[in-house]
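Common to both upcoming complexes is subunit A, partnered first by subunit B, then by subunit C.
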Partner chain A sequence: MKKYNNIADKLVKSSIANPERIYNYLLYISAAFFSVLIIFPFYFLFVVSITPQHGLAEVRYLPTGFQWENYIDTLEIVPLHQYILNSIIIATITTVFVLIVASLAGYVFGRFKFKGRGVLLVAFLIITYFPGTTYIIPLFRLFTGNISLFGLATPDLYGTPWPVVLPLAGITLPLATFILTVFYSRIPDGLEDAARIEGCTRIGALFRVIVPLSAPAVATVGILTFILVYNEFFFSFLLTDSSYNNWAPLVHGIQMYEVTTVRGSPYHLMAAGSILGLIPVTVLVFLGQKKIVSGLTAGALKE
Partner chain B sequence: MGDVILENIVKQYEDVTAVENINLNIKDGEFICLVGPSGCGKSTTLETIAGLTKPTSGEITVADREVTYLPPKDRQIAMVFQNIALFPHMNVHDNISFGLRLRNFDSKEVKKRVENAAEILQIKEILDRMPDELSGGQQQRVAIGRAIVRDPEVFLMDEPLANLDAKLRVHMRTELQRLHKELGTTIIYVTHDQAEAMTMADRIAVLNKGELQQIAPPLKCYNEPANQFVASFIGSPSMNFIEGKIRSGGFESTHINVDINIGNYDDLSIGDPITLGVRPEDVYPKSNSPEIQSQSDPIDAQVDVLEPMGDEIFVYLRLNVGAEDGPTVTETSSADQLLMSVDPDSDVSTKDNIELVIDREKLHLFESGNGNAITHGIGEQTALNQNR
Partner chain C sequence: MENNIKRIGDVVKSVANQLGGRRVSRLYTRLMNRIEVLPDDKFAYLMLTPAFILMTIIAFWPITYTLQMSVREDHDIETVGEFVGLENYYKILTNDANLLAPFFDITQPFYSSLTVTIIITIGAVVLSMVLGFAQALILNETFKGQSVMRVIVILPWAVPIVIQGMIFRLMFTPGAGVGVEWLDFLGFANATSPLAYSRESTFIVILAEAWKHSAFVAIILLAGLQSINRELYKVADVAGASRWQRFKMITFPLIIPAIFVALIFRTIESMRIYGTVVAVSGCGDVTVLTCSVINEFSRHNYGTSSAVAVILALIIASIVAVYLTRFAQRGGISQ
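Moving on, here comes the complex of A and B:
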């Protein structure tokens, strides 16, 4: 017992003397915890993706077999690349649209003072509080041409990219606008004035000076929007059929294995498909990270 | 040609009037300084010329073209900012050529102009650097370079030297003057530093509370200020002001009386409250003032504080020496003080009682209410007055 007391005493004494050491330990422990929490699902997905179908039931932490052909089967059974392409196109359109509109809105909110600015910005954010399920029925009627405006039926957009692009743009715009508002408001007025004197219009100054100087924020908003749309399921499930010819996105493609397989659930193919689907987003994030160079405004203005 | 004409420019914000009916007529090639204390509307005036803010009313003409409601890019102006405002994401070359590239100049012309500007400003070696790698002086040169490559009709400068250290500021001042001679372009220069205005400008426009007080060559502003504000703002240290009244013999105040032949001035009548202004260098100790023709009557004073500046000494004087127990600090109000500047070899020391004279030729009289100047210099004391 005495010995234990000594160790405990020593520990207490040394940690009082060097609190940094305890902080470091805590940091490592929590970092390890979150790493495992995030990385393990990917690991498990990978393990499943290389497991033969008959070994699926036994999968725990280590692969029960190595069947790399799963990746080839994945593409042969369902044209997953078509679904991935659909997702990339839909996500790109949405992201470009959101970045342009949110930049213009962020410019106005961030750089002009007008009555009701704060209220308007908050009201804008409130849109995001509502879950998509609350308005899917009116949206469905709208996008399938069942609502008439001024005597004209709305166009039937079922099976086109727009029933996904439009609601998702609407959902992501408020937050994007909010983030860009904060960043654009921080760009010194002098730089915008200088750009306007040099020959830019206000919009020219926005896209030539303010946006490039807010590159980290713009890249962040762009990547977040892209990922959200790329992973989208809810709106596309209800507003497209599951055919890639009708703009069904990636998640539908993965779901298609369930439909096309006769015996059992092909979890190994779905896992392989998921990993293939991850590739474009991973590439995007790496490219985006390179573009994010912060601290660009250092030395811009003397205060 | 680079004429700039402002007609009745008014700029009102919700609760304040920043610029109140300003008229300026600036000739091509002139170097004009707008000076005034902070908040006097000088920067707002410049911004209306630049087009960064629109005037509430009035008309602006730049280079014979009415530009009141044109955007800045169409006004043939260039501007240098107090905070320099180089684009941090572009190197020096791209910063300088930004305006040219926006206007689709071909690359040969851009190259030629940038090199020419870099030559003039001696920044050839740093064209590839980023703005944050430059010193303050270099950044300001680049900002000036960005302004001159476009060959505008008018340069607008908003306190461009305010953020530089004192030595560099004096150096850049001479460079700006050299540049002005070399280019011959109209320059409108905003500063709160009257010394900068005095040294560089062809004409100074003094502003206060959004109103133009006087526009005149620097020495005229100095020697014949239009009103008390200009008199106090131009010149350092500031002019002495003594408040008093007109009596039959002239000006009378607690400590200083000056004989004035009030019949010579229509604006003066007995009983008027008048402020007398005199610059520190026009006050002399009586002992070494024989060369001054137009001396005033001697004034008793006591030396309070000395500030030796090297080339001259500022002497703070107390005028209430006649008081029974002598002056004490608490009794001394601004009305009892006078500032004099003397040669550094003068033998004055603290607590000395001395007699002062004022150069009557350099006296200024202002109406006490509105501060308007009545006259500058009242001539020699006449026999009539001396016999009084």
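Moving on, here comes the complex of A and C:
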């Protein structure tokens, strides 16, 4: 007992003598605490995903068995790879589309002075404040071919990627434009002028000088847009039907487990499917963590 | 200048030659010439055209269309009913509209789902702000393993909403989830099958939201912390300020702008929550306002649905307005 008292005594003394050290311990403890708090749901999902069905009831903090076949079995209930592929294609098309349109807009917003620039920029940003519910009914009617323009019915796009691509491009465009506006405006005028004197057109200067010089910013916008589209729920869910042949994205793939649930609730298979769906975004986060941080802060703080 | 246009044109020309011959390439060159001789502001408008066409189709037109629908009668077969003025709004606000049955008070569907939405917003925003702030303060220090923690902090932000829902659904499923024990420990009455009850489901939705979105708060506040001038801390050190004093006198006042930004974004996002609710428990247990909109929409009550959507947008706009005026006042004082 005396020994422990001694140790406690020493600890108190040393921490009074050196408060920085105690502070450092606290820092590590809290860093570990928050990391565990964030990681736990992922960890739990993973544990459930490798548990055999009969072990599900006993699962708490440690796996009760290892059944890697869950990852194959889950694809037999729901062809999730098809949905994931659809989502990746949809996100890629949207990203390319947004990058081109936002580059043109960011170029003139960032480097030109023209009448109505402020008003147009505000009109752009205000869109982000509206909830998706204010768009959904007209968009649904538009994409199912129920709106007529000058007496002509709009094409029925339901069952193609466009009902998801177009709204999500619209939603991510303001953020993308804003980030690119900020970065493009930072490029010294001299470089653009030099290109112009050499005989470059304005569009030429954009794609030959400005875009290559802001490659990190363009990559940032690309990663952000891809992840935002891949993760989106509202439009992806409501503007598509649930068949993967009709370009239904990941949302419907995961929701299919609710529909096709076989007797005995295959929770382990739901978990395995979710892990598969996480792979693309996890890879992107590991590759582009710094860009995600800089992109989100540039987008939010400058607005 | 002429030279260069040709140079760009050459690449396209070679493609165009194969596709449609010389006429196309000549057209292209002429088009590029036309664009190049435009004065700056006309050039700017031209470059903005694609963006504005997209925004018109996806945002401006739908908003006006929804406004129009909201003053028209619900109609079974025809999609556009008679003009009825503000009757839809009046019915909704006086509980005359047959909205989705919520859990506080079935006789007051609109106010109940508004309450649920606000409870979720307050709970999720407060929790994610507190957790995010703590994470930002930790990440602002230098320590071993910092970069690992940064990846960990960002991860939930990148999780698809439907998978976020699935994770929390599984965690609180009786017979498989570990969360059931936690709820029991916290003293919830229906802990054994929490997702079958509204109160417990709402709590779980708040947890799921806080988990996913504290990442965003952390990123914004971290940027705020890192933009604080280091010299200020040196001065404080010389003056003999304690850690707490430094936090109170320097850190906190200087990141208030970042806090406001995070608050505004988080509040808007929370007020229009839909996916998490659907994926965790379904609209039947946790009836937020977006659920009412979608439910009326799926019943082809376009008028009522649009009116609820407009009301929700107005509520969000007024909250943002309150924040912004507060922020302006704050800014005025501190400067």
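The definition used in the following text is that the second predicted complex is superposed on the first by the 239 of 303 C-alpha atoms of A that agree within 3 Å, B and C clash if a C-alpha of one lies under 4 Å from a C-alpha of the other, contacts with A are read in each partner's own complex, and residues count from 1 in each chain.
Criterion: a residue touches a chain if its C-beta (ideal position, glycine included) is under 8 Å from a C-beta of that chain, and two chains touch if they have at least 3 such contacts.
Quantities reported herein were computed from a predicted structural model and do not represent experimental measurements.
Of the two partners subunit B and subunit C, more subunit A residues are in touch with C. Of the two partner chains, subunit C is the only one touched by A:Thr177; subunit B is not. Of the two partner chains, both subunit B and subunit C are touched by A:Glu198. Touch criterion met: A:Pro131 reaches subunit C, while subunit B stays clear of it.
Look at A:Pro155: by the touch rule set out above, it reaches neither subunit B nor subunit C.
Shared contact residues on subunit A (touching subunit B in one structure, subunit C in the other): 198-201, 204, 296-297, 300-301, 303. The residues of subunit A lying in touch with subunit C in their complex are 23-24, 27-28, 30-31, 34-35, 37-39, 41-42, 44-45, 48, 56-57, 59-61, 100-102, 104-105, 107-108, 112-115, 117, 120, 123-124, 127, 129-142, 146, 166-167, 169-171, 173, 177, 198-204, 227, 230-234, 237-238, 250-251, 254-255, 257, 265, 267, 270-271, 274, 277-278, 281-282, 284-286, 289, 292-293, 296-297, 300-301, 303.
Looking at the complex, you find that subunit C touches subunit A at residues 1-5, 8, 32, 35-36, 40-41, 43-45, 47-48, 50-52, 54-55, 57-63, 65-66, 69, 79, 131, 134-135, 138, 141, 143, 145, 148-163, 166-168, 170-171, 173, 175-176, 178, 181, 211, 216, 219-220, 222-224, 243, 258, 261-262, 265, 268, 271-272, 274-276, 278-279, 289-290, 293-294, 297, 302, 305-306, 308-310, 312-313, 316-317, 320. Per the touch definition, subunit A reaches subunit B in the complex via residues 188, 190-191, 193-201, 204, 209, 212-213, 296-303. Against subunit A, in their complex, subunit B makes its touches with residues 50-52, 71-73, 77-79, 81-89, 98-99, 102-103, 130-133, 136, 139, 146, 150, 163.
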